[in-house]
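Chain IDs A, B, C, D and E follow the sequence of writing; residue 1 opens each chain.
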Amino acid sequence: MNATRIGYAVLIVLALVAPLFAYPVFLMKALCFALFACAFNLLLGYAGLMSFGHAMFFGMAGYFYGHVVKAWDLAPEAGLLAGVGGAALLGLVTGALAIRRQGIYFAMITLAFAQMVFFFCVQAPFTGGEDGLQGIPRKALLGGLIPTKDDRVLYYVVLAIFLFGYAAIYRFIHSPFGQVLKAIRDNEQRAQSLGYEADRYKLLAFVLSAALAGLAGATKAMVQQFATLTDVAASTSGEVVLMALVGGLGTIIGPVVGAFIIVTMQNYLAFTGEFVLVIQGAIFVVIVLAFRKGVVGEFAEWWKRRQAR
Amino acid sequence: MFELLGIPPQALFGQLLLGLINGAFYAMLSLGLAVIFGMLNVINFTHGAQYMMGAFAAWLLLGILDVPFWASLVIAPIIVGLFGIVLEKLLLKRIYHLDHLYGFLLTFGLALVIEGLFQWKWGSSGAPYPNPIPGGFNLGFMFLPTYRGFVVLAALVICLATWYGIERTKLGAYLRAATENPTLVRAFGINVPRLITLTYGLGVGLAALAGVLAAPIQQVSALMGVNLVLVVFAVVVIGGMGSIMGSIVTGFGLGLIEGLTKVFYPPASNTVIFVVMALVLLIKPAGLFGQTK
Amino acid sequence: MSEPVMAETLLKVAGLQAWYGESHILHGVDFEIRRGELVTLLGRNGAGKTTTLRSIMGILGKRTGSIAFEGRETTGMTSDHIARLGIAYCPEERGIFSSLNVDENLRLPPVVKPGGLSIEEIYKLFPNLLERRYSQGTKLSGGEQQMLAIGRILRTGATLLLLDEPTEGLAPVIVQRIGEIIRQLKSRGFTILLVEQNFHFAATVADRHYVMEDGRVIDTVASSDVQQSIGKLQSYLGV
Amino acid sequence: MANEDVILEATGLTKEFKGFVAVKNVNLRVKRHTIHALIGPNGAGKTTCFNLLTHFLTPTAGQIHFNGRNITGSSPAAIARMGLARSFQISAVFPHLSVRENVRVALQRKLGNSFQFWRSESVLARLDPRALELVGAVGLADFAEAPAVDLPYGRKRALEIATTLALEPEMMLLDEPMAGLGQEDIKRIASLIRTVAKDRTVLMVEHNMSVVADLSDTITVLARGEVLAEGPYATVSKHPAVVEAYVGTGHG
Amino acid sequence: QAPQPLKIGVMEGFSGVYGDLTQGEVEAIQMAIDDFGGKVLGRPIEVLQADHQTKPDVGAAIARKWYDVDGVKMITGIGTSSVALAVRKIAQEKGMIDINTGAASADLTGPACSPTGAHWVYDTYSLAKVTGGAVVKDGGDSWYFLTADYAFGHALERDVTAVVKAAGGKVLGGVKHPLSTQDFSSFLLQAQASKAKVIGLANAGQDTINSIKQAGEFGITKGGQRLAGLLVFSTDVAALTLPVAQGLVLTEAFYWDLNDETRAWTKRFRAKKDKIPSMLTVGVYSSTLHYLKAVQAAGTDEPKAVMAKMREIPVNDVMTKNGKLREDGRLERDMYLFQVKTPAESKNKDDIYKLIATVPGNEAFRPMSEGNCPFVKK
């Protein structure tokens, strides 16, 4: 589709010049959440698995990154790897148990694991409790080639990481594996009767999603220079669901838009004082009542209608 | 005398009793949540806010109109239940045909709005509600406030009445059937939308009732229900979704387990419910009392 | 053959159009049923038979045209209202409730008019159900579920029964039994609109056949004329 | 060679649901390259038998051998991969995939690339001709790109058969393949079954007696979970117990 | 050309669980600016406010933007220690000023200290020191703790334990409860069974409020045990009401009814925001006023110079007399030990405390040498 191509091209150009107009730290944070939301959506939109505990991968990866870079004093690349690997491993363990259940039960098991992980983070000494793991140094990447002290330079690094993650998800969805995954989502019994061990496919999807959520979390720790309990908390798991919903389920770009909207909302509503939550809540209500397909979904609809005329 | 891990059995008794009291709240709250989830296919994230509204309604009734606790026990749930009905008619009604994620988004947003407005008006620290039956019994091993004893009894009565209404009456059968296939039940001549509205009102009323009962025990504050929904929903899931009896038994049971955790490993007392949930779901896929379709 | 007395028209459908979302399915369906008649809707897969029944029952989003039951226009009514006028529907997919046991399933639809069958009579018709009366409704075999779906609307006393492929997936003995039941119901004064694929079955019970194609009624065949029209019918149905 | 002839053998198959015995000590032998019908009154346990054979339910007792291998404990997917494929009584398709993709998913398994999440799905394009061929064979050529959810019921059944065929199974279990089909489709699918059965084995549950009479080499009649009779149509349909329990006196 | 305004940011979790504590902080800052004369170095003064929603990354993002883009020179408020620590790192990295009035963590003047950062009102150490010391002196020599299982709870318990032991008392035990516990009866029963004379509440907000309320229900104080609130604010006490909270001892840095000056200030404040100000609200006033004085004295808003002046000039305002900003950023000032009045003693609903002791700053706060602040030479 040509329109899509053009759309992507416009978006990439926009992303490249964005730091000229918007504050780079804000953009980086939004990109991290966007990647996180995409990872979540991979699971929900394409494997039909609704996770209520995705913050455990996102948040833990942040801690892994922080520990590796601060306490062990290793390179940021090692931190990112540790974040991705750690999250994938955590995904493998929790996923192996969780994917045996479906629907709301699956969601609740992931929530349960996330709560346990949260408890662990409160107790474990290296996380710093509610104070968080603070002051992770920003080190240069690629053995000193890319200095990251400058927010604008770091922005392009984060953009590259995001694009890598996004492309990976796109590929997963449009791969032979993705095809089977969609079949399993549609009718698991039937897929089994065709000879597919549904659980293994779901587990792989779960691990991939966890790993990408981990990439997002580790990148965020790199940008923000701290990792805190907020990122492993149930509220963050809820937030990512909201991002996917607000952007539009079942579209691959939807979660990105949703993440930008919610992160922007948190940042700009911050200046409305005590009414932040009221306004945020009201916006959710309006979205459900008026833009239920999400921003992207509604836009696509509008576009289609326009084309039809 | 024999001791269990260094705790004298008498003290353990006391702790179990306290656990039971907390379980009573879980049971009442999960009941409402289960009924609503069953019928509307919506995880009612406003449940905590409605619980809070119940407590506030009682507090306001007392402060402004001098309505005594016992009258509030009836009036407050009705007021909040009616509020729930209005919400249902205006908002929730529009989303039933959608995935239950939208219900999550909508009710979550509503909870933020309601709690935010209450906090704006009455602050975050809240106000105390006087104990309607002060005093207590000395049970020998512990001091039991009379009011807490009353709570357990009241909760039992409420739970059993709800259970009977849903599992053993015709109306309950309509409810259960409409949960599965509202279109068809409607085509049998039953006014399903009204049934749904009333159910939501009932579930909300139950939450508010729990709130009124909690008011004398806890500080009445805008944020008293914030963290409740997840825990209570976990109770519903452990009990087996759609099973009213499951919610009740699990509510009380988890109160006990939580009570024991508070003695043996207090830091985990909020987490233990989730551990139990994971274990139960791994062993019994549909919860303790749930049926597979 | 001539009808001695023209019974009153119970249901009259005229210019019925219906949509599923954007797709236009019925393009003007016309037919009528007189009180006490047994009429079938025949037609190939996808002709719009089920859609017609759902439109009559009022469980379809968008429909226009006229549906008059006992002289009252029902297109503006909600389905619960229509049901209380005395129309009962047995859906193609059966719609057995898994959270109810067999007995509860059977007792679920409220009685809207006197004259329905009693629970005992229904169990006598379908002994399988009696045996499994406390089982979860959806744990029944496919055929048993079909019996349950028919059985439960017999209690309501509705004047007009809409049966969507009641014999699908049933053993021949049961099909025969259902044929007998349908005739019995008719003799009790029920009016029945039957949707069938199984033409041989339909031919044994019906007074009249309407043939549907592409969302329209394209022909009517009285059962007395079936023999003469067999060729035509076969070409319609692709037999 | 005698035993070579039996492709599927179940011995002493029993299934109990909470005190209710749905299948009772059933012995079933299906000969290679035959069409074997399983009939019986509603609730006789036919679908349950299918579920046991493909391990969607675990038998309370009994053994199942397929091609001489004991498959009693194998997973449904593993059984399918061994060449024993099934269809479902309640129609089972992938609603959000197109008709072509539905069939292609079944073809895809043999490629062995189904875990490859890093490759483009364009590698699947070479399966399209075969998928379209199968789609055409069941009369769905005009609907190849339509999402399966939009098909009328009868066409979904046809699609399901095409999908099952795509597995090229040695043996197919078909649960009421004709249910809900119009006369026209019944004929087409009956002839389809006959064609594909030439070099494979079919075990089917079916209530449409003319189809059974027409297609099947052997018939096993189940009633109340037990085998009531077995043999070719001519003998079975005259069997007094079968007539009473199943066929009835009206028509055949 | 009009001179650039000097910008001050106040960041709090206004909408969160501790919302009541920070009520009126924006008004308080405005009062400080008015009291200062509305302008500094001929420049107008502008106040920015933000709600960090108790999320460190939101707080950090705001702080970065304020410092980098909006030209804010000083941020105050910043309750919640995770946010406070995150903002502190950013301020330090950028060489900007943050004056924390809201967070409890003593790390702000310890491992996380910054040359351009200050900790203005209280910290876990001072609360522990004042309450713990006074209660032991008063005969409360055996303790049992109800501790929130969070870093601030642990810090409070640790610090009080040290104080109690140093004063010759003993700690009989304690229980760590999760944050946001609804029901404390189980813990209270354990505390009761310990027979300790004092039950130390090392928790905050709703947790403290509910522990106190339920202690009354179970007749803990009637049974002769005393409650010591280690992180309790006047807003909490007001919310609990005197019948429930009476007898509780606690430490604060401000009380509206201390003297004529505080009463006059409070009257002015209440004309703008009809609430009894908490010590955090007044702390924001105090920090802003002192900062403005320092800017004036330094003749520039350059952070290092301003900070030097802030250290040099003694802090004198409605809440602080001759306070001294130490090198590690700690403001040393007097702290007060209060007891909550009984309903009979109280003249009106705002009349809640009686003063028991005033502890001078050099005793109340942790000596610099023990703080492990990296740039402070031992």
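Note that in this section contacts are C-beta pairs under 8 Å (C-beta built on N, C-alpha and C of every residue); 3 or more make two chains touch, one makes a residue touch a chain.
Fair warning: this is a prediction, and the values are worked out from it, not measured in the lab.
Engineer: Taking contact as defined at the start, I'd like the list of chains shared as neighbours by chain B and chain C.
Structural biologist: none
Engineer: Moving step by step between touching chains, how few steps can get you from chain A to chain E?
Structural biologist: So the least number of steps between the two chains is 1.
Engineer: Name the chain whose C-alpha centroid is most distant from the C-alpha centroid of chain B.
Structural biologist: D
Engineer: Quick check: how many Å separate the C-alpha centres of chain A and chain D?
Structural biologist: Inter-chain centre distance comes to 43 Å.
Engineer: Give, as an integer number of Å, the spacing between the C-alpha centres of chain E and chain B.
Structural biologist: Each chain's C-alpha centroid was found; their separation is 36 Å.
Engineer: Express in whole angstrom the distance between the two chain centres, defined as the mean CA positions of chain A and chain B.
Structural biologist: Chain centroid spacing, chain A to chain B, equals 32 Å.
Engineer: Quick one: report the Å distance separating chain C from chain D, using the average Cα coordinate of each chain.
Structural biologist: That pair's centroid distance is 30 Å.
Engineer: At least two other chains touched by the same residue of chain E: list those residues.
Structural biologist: Counting only residues that touch two or more other chains, chain E contributes 15, 19, 149, 178.
Engineer: What are the residues of chain A that contact at least two other chains?
Structural biologist: Expected reply: 122-123, 274-278.
Engineer: When you check chain D against every other chain, which residues touch at least two of them?
Structural biologist: none
Engineer: Let me make sure I understand the interfaces: which chain pairs count as touching?
Structural biologist: A-B, A-D, A-E, B-C, B-E, C-D
Engineer: In the complex, go through chain B and note every residue touching chain C.
Structural biologist: Interface residues on the chain B side: 170, 173-174, 176-177, 179-181, 183-192, 242, 291, 293.
Engineer: Touching chain D in the complex: which residues of chain C?
Structural biologist: 44-46, 92, 128, 132, 135, 139-144, 146-147, 165, 168-177, 179, 197, 199-200, 237-239
Engineer: Chain D touches which residues of chain A in the complex?
Structural biologist: 171-172, 174-180, 182-183, 185-187, 189-198, 200-201, 204, 208
Engineer: Going by the contact rule at the top, pick out the chain D residues touching chain A in the complex.
Structural biologist: 54, 56, 75-78, 80-81, 85-88, 92-97, 101-102, 104-106, 108-109, 111, 113-121, 123-124, 163, 167
Engineer: In the complex, go through chain D and note every residue touching chain C.
Structural biologist: It is residues 17, 20, 39-47, 89-90, 152-155, 176, 179-185, 207, 209, 245-252 of chain D that touch chain C.
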